[in-house]
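Each remark here refers to the structure printed beneath this line.
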Amino acid sequence: MFHFDSDYMEGAHPRILERLTEINFEKIGGYGCDEYCASAVRRIREACGAPEADVRFLVGGTQTNATIIRSVLRPYEGVMAADTGHIAVHESGAIEATGHKVLTIENVDGKLTAERLETHLARERGDANRDHAVWSGMVYISQPTELGTIYSLAELEALSAVCHRWQLPLFIDGARLGYALAAPSADFTLADVARLCDIFYIGGTKVGALMGEAVVIPQGERIAHFTTLIKQQGALLAKGWLLGVQFDTLFTDNLYLEIARNAVRQAERLSQALIERGYTLTTPTLSNQVFVTLDKEQLARLSEITTFSTWEQLANGLTVIRLATSWATTDEQIDELIKAL
Amino acid sequence: MFHFDSDYMEGAHPRILERLTEINFEKIGGYGCDEYCASAVRRIREACGAPEADVRFLVGGTQTNATIIRSVLRPYEGVMAADTGHIAVHESGAIEATGHKVLTIENVDGKLTAERLETHLARERGDANRDHAVWSGMVYISQPTELGTIYSLAELEALSAVCHRWQLPLFIDGARLGYALAAPSADFTLADVARLCDIFYIGGTKVGALMGEAVVIPQGERIAHFTTLIKQQGALLAKGWLLGVQFDTLFTDNLYLEIARNAVRQAERLSQALIERGYTLTTPTLSNQVFVTLDKEQLARLSEITTFSTWEQLANGLTVIRLATSWATTDEQIDELIKAL
Amino acid sequence: MFHFDSDYMEGAHPRILERLTEINFEKIGGYGCDEYCASAVRRIREACGAPEADVRFLVGGTQTNATIIRSVLRPYEGVMAADTGHIAVHESGAIEATGHKVLTIENVDGKLTAERLETHLARERGDANRDHAVWSGMVYISQPTELGTIYSLAELEALSAVCHRWQLPLFIDGARLGYALAAPSADFTLADVARLCDIFYIGGTKVGALMGEAVVIPQGERIAHFTTLIKQQGALLAKGWLLGVQFDTLFTDNLYLEIARNAVRQAERLSQALIERGYTLTTPTLSNQVFVTLDKEQLARLSEITTFSTWEQLANGLTVIRLATSWATTDEQIDELIKAL
Amino acid sequence: MFHFDSDYMEGAHPRILERLTEINFEKIGGYGCDEYCASAVRRIREACGAPEADVRFLVGGTQTNATIIRSVLRPYEGVMAADTGHIAVHESGAIEATGHKVLTIENVDGKLTAERLETHLARERGDANRDHAVWSGMVYISQPTELGTIYSLAELEALSAVCHRWQLPLFIDGARLGYALAAPSADFTLADVARLCDIFYIGGTKVGALMGEAVVIPQGERIAHFTTLIKQQGALLAKGWLLGVQFDTLFTDNLYLEIARNAVRQAERLSQALIERGYTLTTPTLSNQVFVTLDKEQLARLSEITTFSTWEQLANGLTVIRLATSWATTDEQIDELIKAL
């Protein structure tokens, strides 16, 4: 039986476990004030081309999204997102629990488009009489999106321009950012991301770390008392160095991008094999997520071979499923899965 | 230079790192639905004598306190605590951020006493005209307390009886519970804790784990949709098995209590040495925290030898500091510190 | 110049001002514990055929919606509403500010249909794996709706049945309930409303009172510590009797329904006149709100005669506006407006 | 039987009811955008010597306190208050429900002293390591205080100076401000209040209005999107003109202060009579609240004559009660009460 449910099913890159073991009995200061975090911050600033960046290490995606959004917004503001955005549908109401509305715009292939955002904002800001509605206070996108699509450099620039024009911070959820950067179609770099948004995070949990997300504010400290806000949200790890060591390792010798490329390569191999065996990809595979539309018989057959995520039941009896490779997926695993198909 | 600032300065017991390394490439299901968590739950239930207990693994103390309190309280309720309680003073307002008041009662040696609690509740519930005040909805204590003191079995039973009489859940913050259980003066067991309160947690971050707190609801599922509430608070780790493996290890062969005993033994040795060298303990050392009252000269001297936590500046120019040992403190470290003194 | 912007533009029925003047110097107890409130409660219970009802008097609509919703929901729950529902679009995020998501379903003529609600709930409750989404905790509808449509008795019964089946409280926003009850097409009574929902309110602000909304929980006290919750939301009027007197007056000799009928009759006369003069009603006029679709010339002409609410700019250059009559609109006002047309 | 429970037991000054009756059928725009509100704003600005002031009309005290505090604070901040402050004890947790901690300082005669505030702030801001505690974000005082005492001009200036030095907004709860201004000992004017604080409100509910509190921000618009925030808190009255007319009346020909003086005069007469009949005043009567310490016999006797508020049961069997006069208390009422004593 294979397991391709998600990209958080393995532990960490072995180098990370080695380093954690090496320093296990060092006495290290708490809450991110230590040399390992400092080194990770330096490496991430360099990789982002953002020497002044404020970089923080949090543990998981929901807490990172909620902490950032409530730290940036004022009480009269909400956060804009595609209607398929993670914060709109799969965070258990974590954003609303902080008192803020998620304002949704209909997605195009899982993306929030600059055109639709501009239309919304022009109407909102042009409405003299809208004190009875929530104001847009920031824009959230995921890169890659929840549907596996990837914003191009031009799309990011267009969104950034709209946000800049309306003075709205642009926030990029990068829980799988490595897999977007490693995509063959990616025409942008980490430095582009840092240049085009106001705040983003580099996902570790799904890309090589045991756990952890690195929040980057490229322009430096724009959030007053951010440490208190992180603590208040329950997102300040006492042993912050656990996260620092991991990101320090991932950003040494380009490891983060390199292992992300493996996931993408394995997803390509798997996609090719599925097509050859008569399966229908729901959408072209762009990074590490493979979406397949199955009829009942195919569903039954695949269920005997591997686990996966069930994405959607279509009205016509077909089922969309998702297979996710990861940094840890091996040639052998894919070979054997292909053989079993 | 020595470092005795806190008990979260080292990593994890080596057996934990070994096991994490062993299973690093296993493919494991997410969000705590895995065999390692299941095994840890079984062991913790057994250790608590609570076969029906609902056991959950969260990452850190603040998030655990906030998640539990907001999951239990209704909007018209607050949580009662000693005025020295962690949630009243050192959680950055995390409880209030969930909409609930922390109702404080003046402490006696860092403790909330059954007598004062009873007096407060009798007055509150006897007041026909108190709709304009927050209602008590649960009681919070820390074991050991923030001042290093330890509730005796009789004290726990008295508190439990008051809570039971007024139908208030009793919640015990056990971030350092191991060090209380390992105290020479401790006349209670983990099963007593489970028997006498409605919800508590067993701290891992400070007692042998990389990170993690095991929440125990001895009577079983009393909190509806607890998983959603944990997720909403950003406290649901995707790789829940990281926590499961750690608590599974700590609750195998009594490891948790055994390593806690080491911390207490080293604190005793250190206390004895300090007394012999003319230092004044602020309070008798009960578990792994050593409080010392220093004059200016002693403060200067000790600052050259070791780091520690500054607790309080007294009006008379004296300073109270805290030295904390941990599960990882070695005989050699204490020997050398004593030598340096 | 005429003014038909809204139905909250006049004061109160003269009998209300007379009574307020009569009792102005009586010394009356605070917070709704007085004889006027008690009398109003008796009359409303009788009008609703709900002798056990818990009846409370709040000041305005937003505070009533927010107070009820946060008093009923648990933190893991959201409130379901049509996507055109007032709480979804025009409450400045008041619901989210209490920590709860508004879960929207696409409207049909401004209504939430039993079919769509059933489909949503069946999918939600049938999903074994939905801990990462907000749970439906109550259902909100407005009667009449924000688009001036009115749920029929059959529609209310169908919604009530779905809610009952899934054990969800049904909450009816009745800010304009009088105008729905007075509609020629209305095939339901106030007692039907009370029978079919779990909580609703009878709007006073727009129907004859200076201000005030009467919250009715037909089954009696289902919300623990409701007074504290109302106070906490800033919705407990010190001089509660101000509201009691008003509802006592409105529910004496059927005054509430009688004055509502006037508004509906005037809206009918106005609609007829508009049609005769070549204007196009956007939708048939059902109660006191008249929606008209205007071309540019008509818009310019009408703007010179009267004020109104601009509802929507259509893509084809047309504009939808709303004229609202009220309990206070006179025959003369409508006669003169018709003459001016 | 007399009734001296509180100062919110009567309706409104007759001139207010007359004006409401006069304009009852005028068609007036909503949400405070009308000529009556504009006129009231002009008069209040003039009375405050603050021509640029932002003035808003809200309905009641709790909603005003909660709206102001959450509009001013950032999420990492709390509001400082005396431990006897209304927001700390009698608002049903309304402040915490908005996510903010009330940080209390021990009162001196019901007051927050500049000295204690300075001590607290110097310690807080001097603590390099306090990211784990809530930051002070504003200072709340009541004038008069909850114990009937009154800040002198010198005390207000000292508090204002401390707040200015630490850049904290000073907020004055003036639910009974008229009675403080009318006190014989008052050495400050409304203009002094406006000059010395950043935001305050002028209570109408207890001083001559049916209901209503006028929020004044002397320096003009410092709170972005304040209308949305007021609406979000459920505090934006649709018929805002109801409040505008009342404050316009109260601030015409000095009516507000004049009627407040009546209350104070009647409280003095009552106090004098009580003393002459052997009763013990708990504290000297300063404005419209009379605190009396009664033994059991006196308590029984007084309970047969009048209603009052029970303030505190003293340990020695004595009871502190409060008698409150109001703008509406007549010479005859006091004469007869004195006779009955």
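By written order: A, B, C and D. Residues from 1 in each chain.
Operating definition for what follows: contacts are C-beta pairs under 8 Å (C-beta built on N, C-alpha and C of every residue); 3 or more make two chains touch, one makes a residue touch a chain.
Fair warning: this is a prediction, and the values are worked out from it, not measured in the lab.
Trainee: As a test of understanding: of all chains, whose mean C-alpha position lies farthest from that of chain D?
Mentor: A
Trainee: Weigh B-C against A-B on C-beta contact pairs and write down the one with more.
Mentor: A-B
Trainee: Just give me the whole-number Å value for how far the CA centre of chain B lies from that of chain C.
Mentor: 50
Trainee: At what distance in angstrom does the C-alpha mean of chain D lie from that of chain B?
Mentor: So the centroids are 42 Å from each other.
Trainee: Between chain A and chain B, tell me the centre distance in angstrom, where each centre is the average of that chain's C-alpha atoms.
Mentor: 33
Trainee: Give the residues of chain C touching no fewer than two other chains, as numbers and ranges.
Mentor: Only 75-76, 91-93, 97-99, 131-134, 228-229, 231-232 qualify.
Trainee: Can you tell me which positions in chain D touch chain C when the two form their complex?
Mentor: These residues of chain D touch chain C: 2-3, 5-6, 8-12, 14, 17, 20-21, 23-30, 59-64, 66-67, 91-94, 97-98, 205-206, 210-211, 228-229, 231-239, 242, 328.
Trainee: Within the complex, which stretch of chain D touches chain A?
Mentor: 31, 70-71, 74-76, 99, 131-135, 224-225, 227-229, 231-232
Trainee: Hey, which residues of chain D end up touching chain B in the complex?
Mentor: Per the touch definition, chain D meets chain B at residues 75-76, 78, 89-93, 96-102, 131-134.
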